[in-house]
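Each of the next two complexes has chain A plus one other chain: chain B in the first, chain C in the second.
Now for the complex of A and B:
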């Protein structure tokens, strides 16, 4: 499944993996701003420049380059809809720019998520000023996402094995309500277990959170490369 | 979407959600923290369950209205934001650049639109209708906002395309309404205490909201079905000539003077407009609360 691959990637070992999450988030932000605000004119060169940067970063992080680029395709169903609307209004270049921008930004997001384990990533967001509450909820969501999904799959298997041919509207509503009930019970259990273990409103991680010169170098390097690509694309 | 639009929405949605999250975080008893996360996971999983809606098609739950009915609006905003965040970050679904717009449309506006009808009429005789309206409005408002953001971005759509997409939105919004009702009924039959009871609102507030919803609906119908008709109407009443002088502010035509970059100017103008609207709404809300107490 998708998530297990990215989880495995994020626990790899490379110079990029060792960097502080905050530096990587800031670098992503720089790239996103540079890509997002790029003018439609010269979008080819902007796209090629940042594409090359993404390939180089993936290589440096020892991630499968092809894997990063095929997985980034997942953004296309969403942006393709908008691109088609823009294309139909007769602005083909703008539609193309929209696709390029969303694809490039998706691959850089994947590079961040693929080189930083989620607990470290969320801690980085928190240290950068994200509301602690939201960070916690996101972590619980991700932790129980596959647990609850598996629960839903099990309910489905059970219903089919009892002879359900095709679920009607009411049956589907009942299934969602039951899933809600089970999720609610699970949340109560989780909370009791957390209290028993002395939970203190944030999930601790076992890593040093110190910024090193390498982190500063990453941000500086990203900033200068982004500026160079943007200047080069205009001419 | 054009640059000023998504930049403005990204910049606006972050503090808005941050504010709500801090409010929730400061008031919330600790039990609810894992609950919100698990509820986000629940919505993810529930979206995989298909609801047959006839004619061989099926729909699925979107969840904004259900969450606001079950958890209250503030918690629901946090959960929906977390869902969109995980979708954009881990599953590359929706795209990171549009995250701010998605949060505004679905997590903030969608949840509030779903909460309003339930809050106003969820306790009385029209409870079922209120829940259907909650689901319908939540999806309809999100979709309409997305379309208007496209329009503001300079994507021109003919009135037939607009009408068609509005009809499609209405159908899927109604489906969400009936799914929300069926699921809420199902949850209540398991444990009624899991669904929040709406606070009792004064009849005057209800009437005011009802009339404003009706007015807005009529306005949308007018604007989508007959954009020329709207112009015609305004000409007939005589406001067409005046509409440009109604707002002789620095925000006229959504541009600010003194800022060099074109898109920066437009984004800043949009943000200031948003802040003004927010301030106005806060003042209005304060006035209403003071009069009631």
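Now for the complex of A and C:
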């Protein structure tokens, strides 16, 4: 059995957790657009404003605030690369803005996935008109990620038990090839099980959850706050 | 009584030339639970894959009186529920409820009716509490029961289980025996587990080199083919 931290967070019971995935996705989109298009001038104030919003949201969702912000650091290796390039061109403020924007955006993405179980999130995307095939691929990726990583772990244990000390390139390449072959075999098995239960082309979904006034309120509130922060930042 | 499954001279050769089924004659009657024994590679799983048209061999095969041909596949797959060996391959939807409702939805039921059907099936296997759980949060026994619920939700007339005791601890196996005894469908169970077969099966069939080498009471077949460990205490 596996429980990643974020998976555990997503199964919490706060008011934010109970909101419909679609409302949360739309709110995230609003924040991402507001952060992404914020002018470099006044980036401090924009950053502080949205940072405060993220802290407040994490608090409301009863997520560990520190945990959310340390995990959001994962985005930095990517954005840092670009920030360094921008910095080398002599635009230090823009480089800094790039870091702030990516970091704030990552923490809001984390807030979304930390308050919405993945199945609900995927259904939300699907209902908002995302291509069903893409949603299906993500859903299966998540479903079998743990299965495949457990398999990899088992292979590692078996290799160590037979005296492997340091995996060289050849061993690692062989292991990856075996893992690929097994995953392929598993994919065939899954398809067989799907066909056996009448699968033809489409993954059926169950009845849609209803949107409540609270969901509308979330989107409206996010929009208002985003506009206020943006106006406040340029003054 | 008309058999629910009737195979006559069923023959199948894998693309690499291996003869996997060699003139299989087999019947499954209503109310029966048949244990399918045989060595690894004797053709048991290949035979199972024929039952709902996943593989197509020569000879004749009727399921509930219908030939297993392309035009009948949708109907045949509703009538015969196959529970595969690895529940991780069977449970592919994000939550247990959605997974169990997968079959009913495919058979054309509306979302609400499918959900009702799924909930009823989950109740039968004592998995009602797990409706919103993700499959990777389940224990091996729960996974097996959820997989069985997914098949029961299609309201099949025949249940086929491939090595159902794999990964199950003794309490899990006991639960499975009780569950299978309570289900009214005719069952075909592929298994190496002799004790399990004794506990659930009314008849045993032995596969040898792709053909049926024997059929009869479970104990008689076990004895005839020496299909037990048969060694004294260590």
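Criterion: the second predicted complex is superposed on the first by the 209 of 235 C-alpha atoms of A that agree within 3 Å, B and C clash if a C-alpha of one lies under 4 Å from a C-alpha of the other, contacts with A are read in each partner's own complex, and residues count from 1 in each chain.
Here, a contact is a pair of C-beta atoms (placed from the backbone, for glycine too) under 8 Å apart; a residue touches a chain by one contact, two chains touch by 3 or more.
The model shown is predicted, which means the values in this text are computed figures rather than measured ones.
Asker: Give one of first, second, both or neither to describe whether A:186 is in contact with chain B, with chain C, with both, or with none.
Answerer: After superposition on chain A, A:186 lies in contact with both partners, chain B and chain C.
Asker: Tell me which of chain B and chain C touches more residues of chain A.
Answerer: For chain A, the partner with the higher number of touched residues is B.
Asker: A:224 in the overlay: touching chain B, chain C, both, or neither? Say first, second, both or neither.
Answerer: Neither partner.
Asker: Identify the partner contact of A:194: answer first if only chain B is touched, second if only chain C is, both if each is, neither if none is.
Answerer: Touch status of A:194: both partners.
Asker: For A:139, decide between first (touching chain B), second (touching chain C), both and neither.
Answerer: After superposing on A, A:139 lies in contact with both chain B and chain C.
Asker: Considering only the touch criterion stated at the top, classify A:79 as touching first (chain B), second (chain C), both, or neither.
Answerer: In the superposition, A:79 contacts chain B only.
Asker: Using the touch definition from the top, say if A:170 reaches chain B (first), chain C (second), both or neither.
Answerer: A:170 contacts chain B only, not chain C.
Asker: With both complexes overlaid on chain A, does A:37 touch chain B (first), chain C (second), both or neither?
Answerer: It touches chain B, and chain C stays clear.
Asker: So in the superposed three-chain picture, is A:106 touching just chain B, just chain C, both, or none of them (first/second/both/neither)?
Answerer: Once the two structures are laid over each other on A, A:106 reaches chain B alone.
Asker: So in the superposed three-chain picture, is A:147 touching just chain B, just chain C, both, or none of them (first/second/both/neither)?
Answerer: In the superposition, A:147 contacts both chain B and chain C.
Asker: Let me check the overlay on chain A: which residues of chain A are in contact with chain B and also with chain C?
Answerer: 2-3, 118, 139-140, 142-144, 147, 186, 190, 194-195, 199
Asker: Would you tell me which residues of chain B are touching chain A in their complex?
Answerer: Per the stated touch rule, the residues are 1, 3, 6-7, 17-18, 21-22, 24-25, 28, 30-31, 33-42, 44-46, 48-53, 61, 70, 78-79, 81-83, 85-86, 88-98, 150, 155-157, 161, 178-179, 182-183, 185-187, 189-191, 194, 263.
Asker: Using the touch definition up top, name the residues of chain C that touch chain A in the complex.
Answerer: The contact residues of chain C facing chain A are 49, 52, 54, 74, 77-78, 81-82, 84, 86, 88-90, 92-95, 97-98, 101-103, 105-107, 111-112, 114-115, 132, 134-139, 150-151, 154.
Asker: Okay, in this complex, where on chain A does chain B touch?
Answerer: 2-3, 6, 32, 35-37, 71-72, 74-75, 78-79, 82, 85-86, 88-89, 98, 101-102, 105-106, 109-110, 113, 118, 130-134, 136-145, 147-149, 151-152, 156, 166-170, 172-181, 183-184, 186-188, 190-191, 194-195, 199, 201
Asker: Under the definition above, what is the set of chain A residues touching chain C in their complex?
Answerer: For chain A paired with chain C, touching residues are 1-3, 117-119, 122, 139-140, 142-144, 146-147, 186, 189-190, 192-200, 203-207.
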